[in-house]
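Below, chain A partners chain B and then partners chain C, in two separate complexes.
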Partner chain A sequence: MIEWIRFVLTALFLLGGLFILISGVVGQYRFRYVLNRMHAASMGDSLGLMLVMLGLCISQNDVFVILKYLLTAAFLLLTSPTSGHLIARLEIATNEHPEKEMELMQK
Partner chain B sequence: MAVLFFALWMILNGRITLEIVLFGIVISGLLYWFCVKFLDYSPRREWQAIRLIPSGLKYAWTLLCEIVKSNLAMLPLIYSSRKPEPKLVTFKTPLKRKSTRCILANSITVTPGTISVYLEEDTLTVHCLDTAMADGIEDLEFQRQLLKMEQMLEEGTKK
Partner chain C sequence: MTNRNDPPKNRFVGWLMGEENPLDDELELIVSTSQQEGRDVLSLEEAERQEEAEELRREKLAIDEKSQSVRIHSWAKHQGAHWLETLYRIAAVVLCGAIIFFLMTTVVALPPFGAENNPYNNEVSQRYIEQGIPETGAVNFVAGMILDYRAFDTFGESTVLFVASCGVIFLLKLNDHSSGKPSRAMLEAEYDDRHHEPKNDGILQFAAKLLTPVILLFGFYIVLNGHLSPGGGFSGGAVMGAGLILYLTAFGFEDTRRFFTYKMTRWISCLPLLCYAGMKSYSFFTGANHIPGGVPLGTPGAILSSGFILPLNICVGFIVMCTMYTFYALFRKGGM
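Here is the complex of A and B:
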C-alpha cells in the first residue's frame, strides 16, 4: 500500500516538474527577445528542477541518496542566478536601444 | 563551518564506518584551519552566523513560496496569446551590507519573471517580464526579512 502511495506521489511530482520544464522550453520559443526568453528559461531552473528532485527524493529509501539530491538542488539554486545575472548584464550593456524592447522606469 | 564540512563529507561518502568518520574529522579540521588562516574566517563571526540560522530558514521558506507563486504566474503568460510588457525598473535598496544586497539580487533573479541586471552600490536594476511583476518591486518581502537580519547582525557586533 505504502509502496503504491509513494509511486503515485513520485509520478505526480516528476510529471509536474516535466510540465514546468516543457513550459519553459515553449516559452523560449514564444518570446522574441533575449531577456524575455531568460525568464522562461529560469522557470525550468527553479521550480521544474525542484519538483523533479522532490519526486526522486520520495522514490528513494537511502537517506544519503536523498541528502545528495537535496544538495544538488541547493547548488543549482545558488549557481543559476549568478550565470543568469551575467547574461542579463551583458545584454543590457551591449544593447544600444533598450527602450525599443522594454519600458524604462525609475523609482 | 567544520561541522558543515564534515556533513558534506558524510553525505558524499554515503556510508558510516569508523574509518570514514575518522578521516572526515581530520580532513574537516584541516580545511577549517585553512579557512581561518587564508580565507578570513573566525569562530567569532561564525557564532553570529549561527544566531542567524532561524531567520535564514524562514527566508529560505519565503523564497520557496515566492518561486512557486511566480512560476504559476508565468504559466498563463506563456500559454496565452497576450504579449508581455517588459519593464526595466531602477530602484534603491535600504540594505547596507554587500552580502545582504547580493542575497537580495540573487533572490530576485532566481524567481522567474524578474532578473536583476545591475547592482551598483545601493541601486538595483531589475528586468521584469510583465507590468504586474514590476509593481511591488521596491518593497519586497525578501527585503524586509533581510533588513531584520541586518539589524540582528549589527546588534551582535555592538556587544
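Here is the complex of A and C:
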C-alpha cells in the first residue's frame, strides 16, 4: 500500500514538473518580448526542476541519495533565479525604450 | 608621463622597458654649414643661375623617377601579377596532387575493414584494462592512461594551454607605465568595464558569496580525486576557474585582486608546468634506464596512491584554472 502511494506521488510530482518545463519551453518560443520569454524560461528552471527533484526524493530509499538531491535542488534554487535576474537587469539597462514594451511605474 | 626633455640613462634599457623614445618625431635635418658659407661668396647672378640649374635637375629627376616608378608598377601590375597568378595556380595543383597521392597511397596500404589482425585489436587496450591498476595504482583507468602511460601527451596539452594564455597576455594585456601609474588605455578600459557591467548587484553578490567557496572546494575535490573517480586535472581546473570567474563577475577586479593577482597567476601557471616537466623527466629517465624510481604506488583506492598521478593532476588543474581566468580577465578588461 505504502509503495503504491509513493509511486503515485512520485509520478504526480514528476509529471507536474515536466508539464511546467514543457510550458516553459513553449512560452520561450511563443512570447515575443525578452522579459516574457525569460519569465517562462526561469519559471521552468525553478518550479519545474523543484517538482522533479521532490518526486525523485520521494522515490528514493537511501538517505544519502536524498541529501544529494536536496543539495542539488538548493544549488539550482540559488543559481537559476540569479541568472534570470541578471538577464532582466541587462535588458532594462540596455533597452533604450522600455516604455514601448510595457507600462513603467512612475517613481 | 616621463619628461620628454630628459635624456634617458640608457636608451636600450629604456626601449626594453617600453619607454617612449624622446627623440621620436623630433628629428630635424642639419644643413651643412659649408654650403651656407659658400653661398655668401658667390655673386647674385651666379647664385640665380645655379638655382635654376638645380631646379631643372630636380624636375628632370622627378620626371625620371615618376616614369620609372610607373614602368615598374605597370610591370608588377600586368606581367608580374600574371606570372604570380600562373605560378600560384601551378603550385596549388602540384600541392593538391601531392596530397592526394600521399593520402591515396596511405588508404591503399590500410588493412581491410574489420579484419582480425587490425592494429586496433592489439594488446594495448587489453593491457590497460588488465594491468592498469597494478602498474599505475590508479583506480580510474583514464587517469592512469593520460597521466602515466601517455603523460608526455598530457604534458603537450598543458603546454598548449600555457602557450595560449601567454599569447592572450601578449596580445591583449595593457601595459602600465614604468612609473607604476596606470596608463590611459588602462583607465579607459576600467571606465568601460565599470560603465557596461552591472556593478554591485546585491543578488549576484549574495549568490557568489555562498557559491564561490563551494565551487572552488568542489573543483579541488575533483582534482584531488582524479585517480579514484571520474574527473582529474582538466575538469577540476575548469570548475575552479569558473568559480574564480563568478567571483570576479560579482565583485569586480578590485576585490579579486586582493587574493588573485597577475603576479600570482604567472607563478601559478609557470611553476606547475616546471613541476610536471621535472617529475616526468625523472620518471622517464629512471624508466628508460631500468632504475627503480622509488615512488611507491600505494594501495589502489587510497587517496595517497598511484605514484605521480596525484601531483600531476594538481599541476594540470592549476594550469587549466589560470588559463581560464586569464582568458576571461584579459578579454574583459585587458588586465587583472
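Worth a mention:
In this section, the second predicted complex is superposed on the first by the 106 of 107 C-alpha atoms of A that agree within 3 Å, B and C clash if a C-alpha of one lies under 4 Å from a C-alpha of the other, contacts with A are read in each partner's own complex, and residues count from 1 in each chain.
One rule holds for everything that comes next: a residue touches a chain if its C-beta (ideal position, glycine included) is under 8 Å from a C-beta of that chain, and two chains touch if they have at least 3 such contacts.
Predicted model, so just to flag it, every value in this text is computed and none were measured.
In this superposed model built on chain A, chain B and chain C occupy separate space and fit side by side.
Judged by the touch definition given at the top, the superposed model places A:36 against chain B, while chain C stays out of reach. With both structures placed on the common chain, the touch criterion links A:47 to chain B but leaves chain C unconnected. Between chain B and chain C, it is B that contacts the larger number of residues in chain A. Of the two partner chains placed by the overlay, chain B and chain C both lie in contact with A:82. Contacts of A:72 after superposition on the shared chain: neither chain B nor chain C is touched. Annotation: superposed on chain A, chain B and chain C show a minimal Cα-Cα gap of 5 Å. Touched by chain B in one complex and by chain C in the other are residues 78, 82, 85, 89 of chain A. Against chain C, in their complex, chain A makes its touches with residues 75, 78-79, 82, 85-86, 89-90, 93. Those residues of chain A that touch chain B in the complex are listed here as 20, 23, 26-27, 30-31, 33, 35-36, 38-40, 42-43, 45-47, 50, 62, 64-65, 67-68, 71, 77-78, 80-82, 84-85, 88-89, 92, 98, 101-107. Only residues 8, 10-15, 64, 67-68, 71, 74-75, 77-79, 84-91, 105-107, 109-118, 125, 127, 129, 134, 137-138 of chain B touch chain A when the two sit together in their complex. Every residue of chain C that touches chain A in the complex is listed here, in rising order: 198, 201, 203-204, 207, 210-211, 214.
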